[in-house]
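I've put the structures underneath this note.
Shared between the two complexes below is subunit A, which has subunit B as its partner in the first and subunit C in the second.
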Partner chain A sequence: MKDLTSWAIISITLTFLIGPFIIIIFAGASAGEALAFPPDGLSLKWYLKVFTIESFRQSFILSMGLAIFGTLAALLLGVPAAYALNRYDLPGAETIRTIVASPIIVPGIIVGLALLRYLVIPTGFTVTLALFLAHTALVLPYAVRVVSSSLNNLRSDMEEAAVLLGCTRLQAFTKVVLPNIQGGVLAAFILGFVTSFNQVPVSLFLSGPGVKTLPIDMLAYMEITYDPSVAALSALLAFMSLAIVFVAERLLGFSRYV
Partner chain B sequence: MSDKYVSLSNLTLSYGKTVAVPNLNLDVVEGELIALLGPSGCGKTTTMRAIAGLLQPTSGSIAIDGRDVTRVAANKRGIGLVFQSYALFPHLSAFENVAFGLRLQKMSDAEVRKRTDAGIATVGLTGFEKRKPAEMSGGQQQRLALARSLVMEPKVLLLDEPLSNLDARLRLEMRTELQRVQKATGVTMVFVTHDQSEALALADRIVLMKDGKIEQLGTPHELYAKPATAFAAEFMGFENIFRVEGGNLVSDSGQLPLGFNAVSPMLAWRPSGVQVGRGPFSGTVSASSFAGGHREYVIDTPLGEIKADASIETPEVPIGDTIAFDLPEAAARPLSV
Partner chain C sequence: MFSSTREGLALALPAAIFALLLFILPVGILLSEAFQSDDGWTLKGYIDFFSKPLNQKVFLRTLKLGVLVAGTAAIIGYAAAFSITNLSPKARGRVFGLVILPLMISPVARTYAWIVILGRTGIVNDTIVGLGLSDTPIRLLFTETAVFLGLLQLFMPLMIISLLSAMENIPRDVIPAARVLGANWFQVFFKVILPLTKEGLVVGGTLVFTGALTAYITPAILGGSKVLMLETLLYQRVNVANDFVSASVIAMILIVMSFTANLLLKRIATARK
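Showing the complex of A and B:
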């Protein structure tokens, strides 16, 4: 009886997690003209059509660029920040940690509106620059969090040993600390990349005419055209995320860091 | 040979507003193996970190080989430190761990290889060059850490609790190893420990520290036989320590008449110095255990608990029975407070 109950719970959970994904895959593989489930026959035409839509191509490139460079920038800021918070007894370290984590806690709608009202409008930043800054800020908490946890596992006496062997502080960081936290840095990159790529609410406010991230572009597309291509694209993106996480898990045991 | 190879003068060390070591003066002789001994919080590790340059003194100075290094950065002092945790670099092989410091110097690859191989051979790890630290035993890791410091030919080698992470057999092995390395290289060694048996067995001289101050400084024999204070006596295994007041031995629980004249304010006996089976005093056996060469008694007396070792030749007195004992003058160690 107990066995039956736990199986039931597991089945329901998996159905809710994987079910929508399966529906999307099949909805995209429809032979018909409208988004529907079950589909009117099966074909790959919508999967192929996705690649011919010019606006999707442009927004895909923008989203990729934002995810890659936004995450890199977040790591450039986040790794030193995590190191400082971890190694030095800074006054107000807890407050800094909370502020750094706030983009996770504050709803994206609010972050987006605030950035629009107080950053983009007064400064007149271009849409691309504003998006880049916003995505960097959004990914930063993940970078700090994940890198911090791998720094916690690294004893500080290793750096002292390096210094006593002749290293400067900076050399000790590059020769001893970085090689030992590279797994954490990579994990932070992947987590940041996926977060940024799938971001909707903040990008919604900051996207401008002709400059849209892929998720926003998909929303816009659906308002006008109700064909299965959006479902096909969603399925392709889900497969891409899955592949990234799968490779990461194989390469560095991703689940240890998240 | 310099008598002041490492010289600490009026050294004050603090963490924030907490003074850990106030005004320490200590001279270490070139080529000696000196132990900083004391309980945790006595300032021994703090002192060692200051010598290494990892902690900047609040005031006072540190000189090594006649040169004031108080303001010299840790990476320019030429001091080696073997950490308690070994602090090996987990991402590097044994060879690269030892070569790490040499590679930072302007040195040819051939020279690095030669000196690293020699260093690895010194600690008996030839054949383990390709292993990562995680693939080595605790004893091997420690020898690797030792080699990593030694190849730098440091002026002073500091060791933080060098034997504490090893089991009894390895401890003996490492002890011999350290003495051999020290003889072979002549390097001045300062090691920190809270274990008096470690200090007694290894050191040429022992600095016993309490509350950041030197309680007593001497050879292991001097400290063992002639502790000067109650603190030193307790550390050296004098488990029975009493005050002397008006011809009586006094403790917090009571008193007993002293059978001889004493001028010192305190007297102490090791358990082995207490005479059991005969004597003017009596008490009740509250615990008894067989310790191989002798039997250890805990006796309830008017002075409180007294620890006494009895020969195994004498018949065992069961727990609860009365036992006669004496605190003889010959085994009494006079203490100044």
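Showing the complex of A and C:
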């Protein structure tokens, strides 16, 4: 009886959480012209049409580039910071931690607007560069947090032993620390990638002619057209994210880090 | 622990300086903008903002939806998280995977689904018209209900995750013990489960409330200009009217609301001890 109630509650909750996603998959597979569920017959034409829309292709490439290079840059800044915050007795460590974590606290739309007003306009930076910097800042807190938690699980006497045995500090890091936290670094990369790729508010104001991230482009497209192609594209993107997370989970037990 | 402070700072400072220059500085300037006028400091921007009925309405609506979404997510979240802890470890892992799965899917995709559900020719309206409950489709999109449902669906996983990790720390035999000693389920919940999971509730509540407050996509797609929230209002003020003072005021409101929610929930949690 108790089990039955539990399963009933879980099924209802999961239907609410996952149901809309299943509806999107089928709405995108419609053979008709208008967005509907149940769809007017099944076909893959909208799924195929997505690939022929030029602006989606461009914005997909931009979003991919931002997600990959923004996250790499965030790791380049974040891994040393996480290491220093974990292993050194720093003055003002709490302040540094707060500053680095701040992008998570402030709503993205404000960040985007602030960067547009005080970075792009006065300095003449391109929107693409501003987007890259904004996405890096956005991913930085995740990079520091995830890498920190995997450094916490690594005893520091291993590096001290390596140094005593003749390694330089750098060698101790690359030969002892890095191989031990690579799971955490990879998890941080995936989390950062997904966060950046799906990000909307930060990029809302940071767009220009021909420079739009994919989610922003989708928002613009659905304002003019009411056909199932956005549903199809949404479903495709969801599958992409799920595939990445699934592989990550299989390889390194990703959910431990999230 | 290494002792060379210089080395440590050299490693940590690039990230901090980056966040400071690209983040705290621009956002700080933006926030200060509403306080500036030609003749020194002023609160005029704030007074003007709050004297407009539309702005008051949007502010109260945002607050209301934030509280409603967080409250509903907490109620459903408790039921769901508690049910999940009753499962076998294997089933628990699978269900947990399904709960966090939506978090990996683009919010645009997740919100777009509600158009298919609530639109004029959507599932709900087809059913209503099909059953003869109404001759014409009812307007469900661009209503507060639509925004509420979208936000709830978007942020509920965060509440369930927070509550689950809190519930895992409850010793397994505490609840049967309370039952044996004569507590009814109502008492078990309020005297045992709630006090032991309040930290999870604080974390989940803050995440859901601030998430709902600062969501852009959901109110934009499901609310449109009929159901403005603070984020969509900010976008509109900037895009339509180049009104950066209002933008600065809204930014401050959003940040203050997020912090207050966090402090308030923490206060409530410690007061119940």
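Note that the second predicted complex is superposed on the first by the 257 of 258 C-alpha atoms of A that agree within 3 Å, B and C clash if a C-alpha of one lies under 4 Å from a C-alpha of the other, contacts with A are read in each partner's own complex, and residues count from 1 in each chain.
Definition applied: a residue touches a chain if its C-beta (ideal position, glycine included) is under 8 Å from a C-beta of that chain, and two chains touch if they have at least 3 such contacts.
Since the model is a prediction, treat every value here as computed from it, not as a measurement.
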item	value
Simultaneous placement of subunit C and subunit B on subunit A, clash or fit	fit
Touching partner for A:Asp3 - first (subunit B), second (subunit C), both, neither	second
Touched partner set for A:Tyr83, first subunit B, second subunit C, both or neither	second
Touched partner set for A:Arg155, first subunit B, second subunit C, both or neither	first
Touching partner for A:Val147 - first (subunit B), second (subunit C), both, neither	neither
Broader residue contact with subunit A after superposition on the shared chain, subunit B or subunit C	C
Partner chain(s) touched by A:Gly166 [first = subunit B, second = subunit C, both, neither]	first
Subunit B versus subunit C as contact partner of A:Asn180, first or second or both or neither	first
Which of subunit B and subunit C A:Tyr118 touches, first, second, both or neither	second
Distance of closest approach, subunit C and subunit B, by C-alpha atoms in Å	8
Interface residues of subunit A shared between complexes with subunit B and subunit C	none
Subunit C residues touching subunit A - in the complex, by the definition given at the top	1-5, 7-16, 18-20, 22-27, 29-30, 76, 79-80, 82-84, 86-87, 95-102, 104-110, 112-117, 119, 121-123, 152-153, 156-157, 160, 213-214, 216-217, 220-221, 231, 234-235, 238, 244, 247, 251, 254-255, 258
Touching residues on subunit A, where the partner in the complex is subunit B	155, 157-158, 160-168, 171, 175-176, 179-180
Of all residues in subunit B, those that touch subunit A in their complex	52-54, 74-75, 77, 79-81, 83, 85, 87-91, 100-101, 104-105, 148-149, 152
Subunit A - residues contacting subunit C, complex	2-3, 5-7, 9-10, 13-14, 16-18, 20-21, 23-24, 27, 34-37, 77-78, 80-81, 83-85, 87-91, 93, 96, 99-100, 102-103, 105-111, 113-115, 117-119, 133-134, 136-137, 140, 144, 156, 169, 194, 197-198, 200-201, 204-205, 215, 218-219, 222, 230-231, 234-235, 237-238, 241-242, 244-245, 249, 255, 258
